[in-house]
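Note that chain A is present in both complexes that follow, paired respectively with chain B and with chain C.
Up next is the complex of A and B:
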């Protein structure tokens, strides 16, 4: 595993931050600079807190519509009945307490030449540096038959909120023996192991309440994150309840009928669902388009060493919205990118040398209570690209004993508590 | 080449001039010739070298996949339905007899 390496990397980042925060090093005038951050999730909230930590004199403003931010990580456990909805919600008192101005509004438009941001309240904010961490939007034009209206019948539940609660209600209302069908997109999309963890968490709920039910996964690809471990874990805990159909076996869905709760595959097979969970293709959040920082892929290309956008100087982007492969679109990655970008922006505004760009990721997935698996990696910038540090990463062993899986389940819960504290404080 | 090819057409009874969409996929390793086996020897190349689609006697198009094409090659194409006839698709690799898939197209 990567523990020691990761600690060393994060330690060196923190040390860099401490020296930046010394008031004596702050140049006159730099303290009045204003950084505006869009998005109160793992990327945005982390960036806000770490900017204030590096340079307390900066004016830091964070824009987030929701008064409480509900996390996608662990929302599958809510579907399973293993977490309460409230335990996924995080307020912004910690940020306000750190001197960050939090405005609950939607960011509607960016004027990159005037360096302004317009809010849904009509207010316009000026900025010296803009940080966009808007997460993903669904590509409603990508999968015929699946639009915003269809999502009210066949929820994606891929942004934690009403959609997640709707999916849980549909699972509760479903009769025993029903078929839960999940449609899974091709890469890249938010949270690569997420659909497969969800399958396990839905199975956990069915096993207890509706044991004759089936789960069918229709996938647009042949391989996925931690595939061997998931297949093994599904089998161990749920027998044949979960069936996964990949691209080679006609798993790619090309049409959705949300009213009939049917989906059609590329080669014309029609599958009928009792509960239909469609995870459509995605793109960077809307405001990234308005800022002119997305490319033809719909995502935001960034500079590997800073996460400044390639398109517009002075605008940074973080998290799921960015093209940061080989780093996955995960909460951990958004958090680690935010720390690097915050240190870079602080150094830039204070006239200091930029920090060295190291990044890390860990993704825990829960297959059942006391059965966890993980994947980890360490990354750095090299010649303008992000590369995985050779020998740094790894996944859980395939032949681990039950005690190992139980430990990883506990580590996953600790990870969630720790990263939420790091991101939102308190 | 264990399983038969998988094919789908948007409409087997199109109106004259209608654009018909075709999807076709076979299971094939697409062995590039660049991979080595456990003993370190190169695995012999065996890829689909030629794909051909005809409607009756009319050649719609050919495709010559290279070694960069992924395993289980998938192709999707359209044609304008000008005649009735049998849509015939043929995949030829470097080792086994060619695979064939057929679908009758009848102008409505």
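Up next is the complex of A and C:
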């Protein structure tokens, strides 16, 4: 398909106002280059838009099953009743308007040697560079008793969609005085502060509608993101409603009975729930396995300076699917990884010098209306590894005044509007 | 720092500037692959590196630095003012401002100068 593609792209270039740029592009071969991106979330959609910004002549195709992408960020606010479901959805009109070919299909298989991608529609696409931003899949074999069928009774709600709406319906149906039990995995997993923000948002809903209810968090680890700030905020807003049990206090769940709504811990304690939210261990999205870019951990190792995968040249990976510690698996990080990768791929195809690798993170979490907290970090590549820039980053001060918490709550909402506009362009 | 440089008055002034007049020119230049920055100085960061740096800022300050809510816009602000504010955040001479001190502590002076120029010039590739 290279022949027709090249003719079409060169033809459109010659007809357009960018013809002055043509000689350099032809020499570099970028006029005929096609980049295919799998995943329309914060990593994939950002990569597509920024590739077009850096090199408008590239043919950029994005594969995403959902006609509207619902975000995990702010889905906890939906559970709280503070955001509508529709407000979490983002369409792809902005990408199409930027000249990106968006195909709503599932990516089923990658042939790395032939450089093709097969879709659920039966279509096969050729690519010069492939960018995988597939997010996470649940490890259905990792927690005894918790498989796909169990998730219909005890939702994970860790991919925004029907699971999130199911969990909200279960909260609404629960009687006052019930016990909401959340099972939290060990690191690494998507959105490190997410479970703890969720606890606060469920508490906000209970405080208004079911004030005698309790929230029990059973955690496979002893430390978590913004721990001190969460413990302080939970206490300030919800008193004793939220109880957190870490690994040292037998918080690690080893078996789930979704029909009985019970969980069993490592030392044999059984907890009964009225609503059971199980966040299981995770791995890179399915297509990364098909592409042969995951390692034994189930995640994708990447080159620190480019986010090209270590296993396969020409295939890049972004976001939650990657092994990118010390960067967290967050939307902000996926977005900045995408910008670095897009600039790197464009420079590569245009025969220019690549950018210096730089990544950043900012995560706001909401504990209640007018009460927000944050974590931030700055990262760079050094000797082939990703490092946090010494002296940078950290969390909100523990002794901040109410006005600081109120500002950070407002900034969180502002962040969401900004990053979604940047990512989907709508 | 003179009082009229203080956050709000500067922000309000910036909002009456017509960046829409500037953006198409910058966009078309970017399409031709021209370097937007003026004459290159030795210490100046390459444009693609500056673009990647700026990519972190816009996730909160809005596309090209155009505000989307409570976090202030930074597009089209005076370059000297931006540089001074960012250095003050980094060096602890300004109020912490949510995450700004924590983020700027991860930036060197060249990076801060590149960001100040980037957003002063319209924040567009």
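Details
One rule holds in what follows: the second predicted complex is superposed on the first by the 397 of 426 C-alpha atoms of A that agree within 3 Å, B and C clash if a C-alpha of one lies under 4 Å from a C-alpha of the other, contacts with A are read in each partner's own complex, and residues count from 1 in each chain.
One rule holds for everything that comes next: a residue touches a chain if its C-beta (ideal position, glycine included) is under 8 Å from a C-beta of that chain, and two chains touch if they have at least 3 such contacts.
All of these numbers come straight from a predicted model, not from anything done at the bench.
After alignment on the shared chain A, the placement of chain B and chain C results in a side-by-side fit free of clashes.
Legend: residue contacts after superposition of the two complexes on their common chain; A:418 is shown touching chain C, with no touch to chain B. Contact with chain B, but none with chain C, is seen for A:250 once the two complexes are overlaid on the shared chain. In the superposed model, A:347 lies in contact with chain C only, and not with chain B. By the touch criterion defined above, A:222 reaches chain B but does not reach chain C.
Within the superposed three-chain model, A:239 lies out of touch with both chain B and chain C [touch as defined at top]. Put simply, more of the residues of chain A are touched by C, taking chain B and chain C as the two choices.
When both complexes are overlaid on chain A, the residue A:97 reaches neither chain B nor chain C.
Within the superposed three-chain model, A:377 lies in touch with chain C and out of touch with chain B [touch as defined at top].
Closest contact between chain B and chain C, by C-alpha atoms in the overlaid model: 25 Å.
Shared interface residues of chain A, touching chain B in one complex and chain C in the other, do not exist.
Chain B contributes residues 6-8, 23, 25, 27, 72, 74 to its touches with chain A in the complex. The residues of chain A lying in touch with chain C in their complex are 17-18, 20-21, 24, 50, 53-54, 56, 332, 335-336, 339-340, 343, 347, 350, 352-360, 362, 374, 376-379, 388-389, 391-394, 396-397, 404, 407-408, 410-411, 413-415, 417-419, 421-422, 425. On chain A, the positions that touch chain B within their shared complex are 222, 247-248, 250, 266-268.
Across the complex, chain A is touched by residues 28, 30-33, 45-46, 48-49, 51-53, 55-56, 58-63, 67-71, 96, 98-99, 102-103, 105-107, 111, 125 of chain C.
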